[in-house]
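Below is one structure, written out as structure tokens; the observations come after it.
Order as written gives the chain letters A, B and C; numbering starts at 1 within each chain.
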Amino acid sequence: MSSTPKNRTEKVLLSVENLHVAYGKAEVVHGINMDVRAGEFVVVLGRNGAGKSTTMHAISGLVPKREGRVTFEGKDLSQATPREIVQAGIIQVLEGHRVFHALTVEDNILIGTYAKHPSGDRSKLDEIYALFPEMAEKRHQLASRLSGGQQQILAVAQGVIGDPRLLILDEPSAGLAPMVVDRILNVASDLCAKGMAILLVEQLVEKALHHGHYAYLMETGRIAAAASAKEISQGDLLHRVFLGGGEPVEQEGVIR
Amino acid sequence: MLTVLVTGLATGMLYAAVALVYNVMFSTSKVLSVTTGHISMLGGVFGAYFISTLGLNWVIGLVGAVLVGAAFGWLTDVLAIRRVLARSDEHLWLLSTLAMATMVQQAVGLWWGTEPKPFPRLIPQEFGAGIWDQKFWLPIGVAVLMAIGLDVFYRRTMYGKLFLAMSEDAFAARARGVSTDKIRVMSYILSGALGGLAGFAAGQLTFAYFALGHILTLNGFIALAVGGLGSNVGAIIGGAGLGLLSALASYWFGGEYQQTIAVGLLMLVLLLKPEGLLGSKKVRPV
Amino acid sequence: MTNTSLLKSRSVWLLIGAILTVTLPLWAGDQYRLHLAALIAVYWVLIAGLNLVVGYTGMLSIGHVGLLSIGAYAFSILAGKLGMDPYAAMVIAGLICGLCGLALGLPSLRLPGFYFAMATIAFSMIVNEIILAQVDLTGGGIGLPGPMFPVPFESPTGFYYLAVIVAAVVTYLTWNIARRMWGRGLIAIRDNPVTAQAVGVPMFQAKLIVFVFSGITAGVAGALFASLQTYITPDTFVFELSMFFFVCIIIGGRGSIIGPFIGTVVLTWLPESVASLAKLGNFFYGLLLLIVVLAVPEGIGRMIKMIYERFRPRKVESFAIRPDRSKLKDALTQFRPSHSSAETEQSRSLHAASVSKSFGGIKAVDDVSLVLKPGQVHGLIGPNGSGKTTMLNLLSGYYQADAGSINLQGQDLLAQTVQERAKTGIARTFQKPRLLPDLTVLENVMVGSWLHAKSGFVTTALGMPSVAVEEKAFREQAIELLKGVGLEAVMHRRANLLDHAQQRFLEIARGLALRPRFILLDEPAGGLTAVEIENLGEVIRGISDAGIGVLLVEHHTDFVFRVCDYVTALNVGRMIQSGSPEQVRHDPEVIRVYLGA
């Protein structure tokens, strides 16, 4: 198991152990270990093809695991359905602002409550609109009319209304203007300050490390390094992992 | 002449109803089931069975026909769709639904008989009512009600919106905690109920006939393809157009080339606008 | 080895089958059984042809009873009413049905699966309508008598032999198609149309040719059928008969000739001998079809093979792929198209200039230019959404560029389809390996040689010697290529039994069988271990040694910098730098894009 650095003392919320995920015959995640503590903002970095999204999908039960355990607040969610995982408190915002174009903004947000309230729970709407005022203006518009950035914000609102204790954001920046990205990451930081744990997968390394507490660096399906955000942004490991120049570190550990 | 038009319209609306049923099943499973026409056949046959043979009153007969349709829709999902969708071979569902359609048609033929049997009168009415005969306006009315009902369902109810969400992006729906398997079963049960209702309403027009299944599957499909896959308004237009065209062609050229003309219409539309009159290019029929 | 003993036993079974068939009238018993045997032979004439359409090409054609009836009526009218010689009438009936197959296929074959199936069903209903309506010609509902064949085929025994002879001829023709390049091409269309395109198979034409062929066999079968039944009416040709033909093939198993044949024998004979089944009629066929689809979708033929294989377990030794760079180079240089000394490197290079492509409002590729030189390994890198895969798809023809030009040897590639670009010499691999799972590793590589097969459909069907000669050359080339990439040891294994890395290397070998000028590799390192990536590097260098240009689209930047001669870096669709690996790796813009905000 991992040796935890000194400053991670909060209790473990999410624990991923020895996760292996395969698409057909190709194993793309080779036994990773990862955890998220209560109130922590964890960032997962890595090149494309490193297996970051796949790991997130596996945590949410959207793709089958070949091997490994996922535990959340003490409960073993390894065999749980996506619905059960959402009900347990892990909500994921998928990459690519995947909202439902045929529905209105308000209906899109309400779908986020479906897992816990099968006929939709309107009580939280005001809170969400307060958090995302640009959504309040457009509440009766079809999601197809929104810009890419607005759709991404809608997707986040859709996730947040489900009242998660862990919110997974998969590359929210993809294809968006910097201002929108900042908006989303700021909202995430605010939610984190109020107690929601955040697991952020990102390619925009600098921005991500600015908001994050702790970071995992993934490389070809393995964890190349794990350390506090500050330490990762100060070392040269990033350069090596993204642009090569040596053998990647293949075990989890603290970088010096 | 007017009788011809009304007959054509009524038949066409039955086809339109079948096209609506196709749409509901397709929306959540991306499958076009060969059993679609057979659901309506069952509605007609069982309606006649409950009312004429068992002597029950027509409301019970109606409920019974709808339940039989719903049950068959459910059975289609359980046997032909559920396990097949999990596999990667895209067209296995065509074979499995073809198998089920064949089985149900033959079973009904063996039990009910191969001759068309008359369907009972539902509402007291003189047989000389001409174009106002219920055998015409029942299927027309039901088809229109179905289309309106589905619209309300999709726009106003939570389940309808879940159907839409799932049909657009099933993976994202799952990520939101929607259990897509349950929604799919529901859509098959709903489409079964609707198909049964349509068959029941059109019973006096078509008679209770075991071989109706394939005819409705094919013509309902033509209505669907002409109107555009995924469009309910298109289904109505496609069905009405098909019915009217067939009736007029029969009137002018004799009734021997009905199927030929129907297919001719389909080919024409597909050549000019492959996604159908009101279809969108994004909806891929696979 | 196990292969030859298997072969021996197959020949023995065939011999036994042949003897039984020829001597059948002696041991069958009564006239009724002889009639049944003749019926099986007649059905098989149609089903053998339909098998190529359904079992090999994967087209769900459920309306062949329409073609059967056209053949039967044509024969009865020509030989009966018009008094033509029955043999000539049979041939003409076949040709007429071939034409009808053409008429049905032209508008329908481009339609997606369900639509096509419906079209074939509609066709058979239309044929029925027309037959009923044209009373003067067809006798309408009353029908026509089916003429007899002259001596010696007019007796039941004689007719049986006629049917067997025709069935044997048709079986021979389809067997030839199935086992040669044509068969592989059809299987590619069925199992992986993208692969079929990539190796140059003209999909629509191939489907049409096979469909017309099935029309001809249906017509001939119809003629024989009419003669056997001695009288035909429209009621004889019910939709259920189409279902029956279809079910025989599906149950027998796709990609097999013997499977559907056994299916035909069993399904014709079964309802005749088990009375309760006959009563159930079509219900039984439907049930059988459902069971097969749910339990053994590949058919009982495959199920038998699987049971067979379970009793003779082969040692599945895991082995490491060990490519041989020089062997690969030799294999490639041996078969490469030679170029005249007058051609400069410039003219033999692939030039992409100012290429742009938008999807919706988003520019996926924005004014990108690059040059692929023969024998050079050119890397294309960039973060997510940079447009590198789009660029590869533009070069290989899967996307159409909005602006810019792509030229090779003076040819404007933008005007060329995927198959035409394959012909020009551009091969590619895919992010997820696209293989033909039912074929062996060797056969998968041989598919790559499709464009070099000169034998047409007819030549192949007739079994002309030139076909065997070509086949041998392709086989030898494929073996050499497999030795080069290191997969020789598994060449007779079914492709779906390979692990991921092996599948990747197989796909590369298939691409090389095209004898391309350039091969475009789409993220080949995905899912490979460090050792396998080293081997991949060996293979790539072997390819470039032979003078073939390589485009390597990759996320694994480390690997790209190690193995490439030249690298282009993209970001958000635009080119940000290109040059030697060292140049690009240390370029500040590249670093910023990968690591920065």
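As a working rule, contacts are C-beta pairs under 8 Å (C-beta built on N, C-alpha and C of every residue); 3 or more make two chains touch, one makes a residue touch a chain.
Computed from a prediction, not measured in an experiment: that's the story for all the values here.
Visitor: By C-alpha centroid distance to the whole-protein centroid, which chain wins?
Guide: It is chain C that sits nearest the middle.
Visitor: Determine which of the two chain pairs, A-B or B-C, is joined by the larger number of C-beta pairs in contact.
Guide: If we tally the contacting C-beta pairs, B-C comes out ahead.
Visitor: Just how far, in Å, is the C-alpha centre of subunit B from the one of subunit A?
Guide: 44
Visitor: Using CA atom averages as chain centres, what separation in Å is found between subunit B and subunit C?
Guide: Roughly 35 Å, centre to centre.
Visitor: Please output the residues of subunit A touching subunit C within their complex, sorted ascending.
Guide: 23-28, 47-50, 171, 174-175, 178, 203-207, 220, 238-239, 242-245, 248
Visitor: For the complex, which residues does subunit B have touching subunit C?
Guide: It comes out as residues 32, 79-80, 83-84, 87, 89-92, 94-96, 98-103, 105-107, 110, 214, 218, 221-222, 225, 254, 256-260, 262-263, 266-267, 270-271, 284-286.
Visitor: Where on subunit C is subunit A touching in the complex?
Guide: 362, 383-385, 432, 498-500, 503, 523, 526-527, 555-559, 561-562, 585, 590-591, 594-597
Visitor: Touching residues of subunit A toward subunit B in the complex: what are they?
Guide: 60, 62, 81-83, 85-87, 92, 94, 98-103, 107, 110-112, 114-116, 118-120, 158, 162
Visitor: For the complex, which residues does subunit C have touching subunit B?
Guide: Checking each residue of subunit C against subunit B gives 58, 60, 62, 107, 111-115, 117-119, 121-123, 125-126, 129-130, 132-133, 239, 243, 250, 279-283, 285-287, 289-290, 293-294, 297.
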